[in-house]
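The structures considered in this document are given below.
Each of the next two complexes has chain A plus one more chain, namely chain B in the first and chain C in the second.
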Partner chain A sequence: MKKNHLLLFLCLAGAAAAQGQNLSKGEIHGNFEIDAQYYNPDSAIGAPAVPEKALMNGWGNVIYTNGKFSAGLRYESYLNVMQGFDPRYKGTGIPYRYATYDNGGLEITVGSSYDQFGSGLVYRAYEDRGLLYDNALDGVRVRYTPAKGVYLKGIWGKQRTFFTTSPGIVRGFDGEVNLNELFDSCMAKVKTQIILGGSFVSKFQADQDPTFVLPENVGASAGRLNLIRDITLNEATGKKGQINFYGEYAYKINDPSTVNGLIYKPGEAIYSSVAYSQKGFGLLLAAKHIDNMNFRSDRTATGNAAMINYLPALTRQHTYPLMAYYPYATQPNGEVSWQAEMSFKLKKGTLLGGKYGTDIILNYSAAYGLDSTNLHDEAGRRFGYTAEYFAPGDQYFQDIHIEIGKKLTNKLKGTLMYASMYYNKNVIEGKSGYPLIPAQVAVLDVIYRFTDEIALRTDLEHLYTKEDFGSWALALAELSLAPHWFIAAMDQYNYGNKIESKQIHYVNGQIGYLRGTSRIAIGYGKQRAGIFCVGGVCRFVPASNGFTLVITSSF
Partner chain B sequence: MKKILTLLAFVAAAGTAGIAQEAAAPAQTNTGQKVPGVEMKTLDGKKFNSADFKNDGKPIIISFWATWCAPCKKELNAIAENFEDWQKETGVKVIAVSIDDARNSPKVKPYVDSKGWEYEVYLDENQDFKRAMNVNNVPHTFVLNGNGEIVYQYNNYVEGEELKLYEIVKKVAKGEKIN
Partner chain C sequence: MNILKSLVPLCAAAALLAACDYVSVPQQVGGPTGPSGGNGVAKRVLVEDYTGHFCNNCPRAAEEIHTLEAQYDSLIIPIAVHVGNFAWPASLYGLPNGAPSNSFPMDFRTPEGNDWETFFQPFAFPVGMINRYDYPNNHMLTVENWGGLVAQELAKPATADIRISHTYNPTTRMLDVTISGEMLRDTSGTFFMKTVITEDSVYEWQLDSELNPEYAPYYHSHMLRGAVDNPGSGWGDTAVAGIISAQTAFTRTYNNYQVNAAWNDTHCDIVTFIYDNNSKQVLQAAKKKLR
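Showing the complex of A and B:
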């Protein structure tokens, strides 16, 4: 009997132990998007004949998470890639896959990762599906927090280019210290938050050039400082303001590449911003100096491929089609740019504010080339040129912008915008023979709510210029029937084109159905290249004529 | 007799184990997806982990937005117009996560302050939280119930959407199920 009792006890103990195995259940989620287009050749608008007639971009993400572990992959399919995207995106594959284990203070990722050091001046791996930009690092990424306020990151791998990786090996390290968090006992009374950071990134690429001795290991380092301070404006009401200062300096040793013309000059970048804000008012000032900071894991790469770093453009990002007609992109070889933006709210009930208040944004941004002195030493040292810090040369871009937003009645809201721009097409688009293009752009965006479900948005825009393709006028009407439907029609008319046959109406329409996280939208008509926002979402769209289809969902 | 008792004990144990597993299973199963723990920055420069989102058992709205996304700003401004009433009635909290990168993230605090939003705003500059939450593009808005589980989400904004959002929030505040 004693033996049986023991056996019984062991069995029940086993049952109890089985009950104790509490593995939290894993979860699977994902999202996908398919963009397809049927192309009609249209020489008048410059839409080329597409041999496949219809093109498709598609991708699907699947993520598995279970407690501290997560893994995911992305399947991408370009059969073939749509017009306006890099044609090297061809075929299908799984270019992105990773597994991560996060043990609280230590997180390890193997496979593909995205990360950023500081503002990205020496390292930023990220993706933008709208541009098909993806320089994910394929290798190892470690994030470690050894003590409160100390954040360390390390990366080692190769960057994704299309369905393969670029030849260079990238290794990097970033450390950031929040002094107030680290020394919290003795800094408890310090009102300013002080955050220091430093990064070092090195790339290795074998030298296969027969003519030049190219450096195989190129290192870039950066240091940054962020100071944040709250200011009490009114002791009685507790009204506060905040000042935020950010400054970063980066230095890269000699890195001859196709983009910089194979010169041995080192690269430097300075980026700084000061922001002040309080309830109802915000002010931002930012300046940037870039000198020879093209940093890629393939020195022969051009376009958007194999970039290791990210040089933010200090210009206002526009999404209204004619406002975004002349967009600016940072010139890695050299530029000096600055931006000032002030946003404030005129309170409701005041004379200027009106019944509901008025929102105003003023923005001034400008970019210039470097005032550089060419050294004419191509035969020998190949240093290229010299340039002073923040000394502007040729004008590249300017945008003086005002935006007024106002709710007029309970059902009527409107935004009025005006911008005066200068656009250097030769430098920004790599063309030649164009003068500096001045353009005046005005936008009026009005929304009228008929009922709780039905609303009509009308967008009227005008771009005036005597240069380039001349002036444009745009009219857009978008009817939304909440919560599921939207219908939109748009006409962009290039009435100012010097060539009469090119004074074309780009008319197109779109209808969409939305439900939860799914949307399906079908469009037809002519599209000019640009960024368009319709039905609640913004995307980059190239010029074309035909049917478009977008299906997106997540689960 | 001894053999039968042993056999019975075995079956009982196996049965207990089986029942124990089944009894444990519903407790282990998540009735809804919880928000993954990802690090972001506050507007004051400090780090904050999304696993720490709380609202004392009351509903939470998480909305992904960016300073360049006009529909996102329209949605958050439309919610702001009624937010005081929403809070009084349901205690809902709005967490606005900005996916602006280094180019635009310095503009987030000045914009939020100029609009006077009473939301918790976080910066997801590396877009880690956006990826972990399975967000394709913005605006993408989630509603969490009192247990921090995602009960509703949508990926667009049309005029009047915020009224439907509030109907969902009211139901969640009462503890009703959303289908």
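Showing the complex of A and C:
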């Protein structure tokens, strides 16, 4: 298989040369990363023995571009895959390879592709290396602009699942029209940009079930509207703001699957947001209703495998460890959620703003289950339940967050954060018997720049809860010795654990070297178990103890 | 705008739009309706838990099985299959720090379980199968997915029935067992049946991540001990094959099976199940106390 991929790449490159593309004008770029860890069993923190002793994830991208032609591949190696990642990533191979030709308004890609229709409610193929999430479509993608302001996309293929493809065939079409561009002769003076879009995605998977009639062709459609308007706030200064409204509705026909308990209820999703931004101020209001929108190219797949669509989480993405301790995972079977976020800058020179100004962010995110009524029709129509639009049921998640960032002197700046959270562990992690977990989290992050080359960052965090594993405290110090070195040490202390012997310090240190686009970091210590999420898609990270090595580079 | 430029993609889109299967009657026509089938036969579900005593998260899987048993009672037929490195005895795996020197001496692996491990390839521990559904695609599931698939399988009507009849002499520990049953709908293919012994409440050691220290004596539930038919093999005997009419009966008898003296026969069960040899999917299962 690897030989065939390389052969394809070379043939396409050769074809480009035959078409008169001068290979000497082409460019080759790429990047690679190696993550490795040596595991010491540590029963105190629940770190299991690893028979291989050390595990490795590695990958490398090579991309060739020459005029209208580009081709690339990614080699991946998991020998064996590190703890916390899906163990079905096993072995080595070239699961991602493509060739693209862009002839002005028509672009054709054969091989692997990533793309998105609208907000992703019916189709999103993407990858996230941190999650080891990759649902690239292996097939054909066409992007076509028949006229100014008209953007068409078509996809046809099978989704990547680990080192193979999912059994279902995915076909889709997306059209977007920017009316202002399309009718520019008569809409040139219209201040509001109007963008309409529509998508349709269908999957085919054979029905081999001896008991149920499973639909082999399942379609999902979506329509969207985007309005963008610039507002002149001050003619004299030219100060402007912008309002952006986005709304999308998606509908999916009967799609019985393992995740939804084999019900035949159609799925629906509504996503809407309004954003206002101007210099020094931003406001975002968003709401989402999801009802039975698990959409996969394998009706029996679970976890993060074979997902065709993407249901965005209306939560703030936290990067500080204790702020991110209770992350939210989107519930495709049903949820109602909303988010309000305001960011503003208190001007410098004012009483509250101080000498350098102060940045403030306020965020409110909440997610609830559907207020549903069980139909008890398992022997009949199997619709499962009914639910009203935006009617909340059980509480899943809440995050009320405030963040204040301030530069205090030329050398000193800090960020202070506080969040009040509620976390439904039973729903979000698939556990049982846990009460709703309230948690209060505070973070103080201070950076002091001694010189242009030397900076020290200290991060103090505290999570308070009486439930789950109790309260945590965290202290981190990171010394940067520009341009090449950094040293970091961190301790996370579970002082609030009800079991005294589990009140453990998770200490680890890291030293790193940077040179150009390359970075090498070596670490040692304990890592607590936890959940790592990006955009509502999560993976569980088990506790571990040992050496870590990360090497990244790009060219 | 040049309409023709957009005509082809629009036609393709219209063709896709027409390609949707709306299902008005979810159940197969002609087969038994409802979970209990045309003959009032209850659908029972085989739950296989791939585990090992050095797997410190595996007690969570056993707890999930207990939860399912509390919910569905005898409709759940569990088997705990000890396989892989986590099932090695301490002489191979090594002892956890601080564990007594005489702990984890047992090797609960079986040749039958090893066959299943080799074939079905559990990708992590704990994982399991529910009626071996969706082999070879997504048959191994982590614990949080078991409940949903159990409910899904129990919602289906029974397509076969299987029963256990046996005589057991506790003095000689000799077992004679007859497995009988019938298909409940017209079908075709090759269907095998497998009969094994499981033992409950095996009191030995187990790692548990929620304990400190993690090693502790533990009651292992539903432990696979061995096969009555084709001992040493994970695969059974043909029950029915070919084009099969509803009510086609099958029966097999296994005489003079010696129950291992190390097993507590008061804690043992006879477990049998019938499966499609092509898809490996289990149609029906049954369990009966040995004594």
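Annotations for the structure displayed:
Methods note: the second predicted complex is superposed on the first by the 517 of 555 C-alpha atoms of A that agree within 3 Å, B and C clash if a C-alpha of one lies under 4 Å from a C-alpha of the other, contacts with A are read in each partner's own complex, and residues count from 1 in each chain.
Keep this in mind: a residue touches a chain if its C-beta (ideal position, glycine included) is under 8 Å from a C-beta of that chain, and two chains touch if they have at least 3 such contacts.
These figures come from a predicted structure and were not determined experimentally.
By the touch criterion defined above, A:313 reaches chain B but does not reach chain C.
Of the two partner chains, neither chain B nor chain C is touched by A:421. After overlaying the two complexes on the shared chain, residue contacts for A:221 are found with chain C alone; chain B is out of touch.
Looking at the shared chain after the overlay, A:182 reaches chain C, while chain B stays out of its contact range. Partner contacting the larger number of chain A residues, of chain B and chain C: B.
Touch criterion not met for A:336: it reaches neither chain B nor chain C.
Shared-chain residue A:33: touches chain B; no touch with chain C. When both complexes are overlaid on chain A, the residue A:301 reaches chain C alone and has no touch with chain B.
Chain A makes touch with chain C in their complex at residues 41, 43-44, 46, 48-49, 51, 86-88, 90, 142, 144, 146-147, 150, 152, 154, 167, 171-173, 175, 182, 200, 202, 204, 208, 210-219, 221, 253-254, 256, 258-259, 261-262, 264, 298, 300-303, 305, 378-379, 381-382, 429-432, 499, 501-502. Looking at the complex, you find that chain B touches chain A at residues 2, 5-6, 9-10, 12-14, 16-17, 20-21, 23-24, 28-30, 33, 36-37, 43-47, 67-71, 101-104, 106-107, 109-116, 125-128, 131-132, 134-140, 152-161, 163-164.
Within the complex formed with chain B, the residues of chain A that make contact are 1, 4, 7-8, 11-12, 14-16, 18-19, 22-25, 27, 29-31, 33, 61, 63, 65, 70, 102, 114-116, 118-120, 124, 126, 129-130, 151, 178, 181, 193, 195, 226, 228, 230, 242, 244, 246, 273, 275-284, 286, 310, 312-314, 317-320, 341, 343-345, 359, 361, 447, 449, 451-455, 457, 480-483, 486, 514, 516-519, 533, 535-539, 552, 554-555. Those residues of chain C that touch chain A in the shared complex are 1-2, 5-6, 9, 12-13, 16-17, 19-23, 25-28, 31, 33-35, 54-57, 67, 85, 93-94, 96-98, 123-124, 133-134, 137-138, 141-142, 144-145, 148-149, 151-152, 155-157, 159, 187, 207, 209, 212-215, 279, 281.
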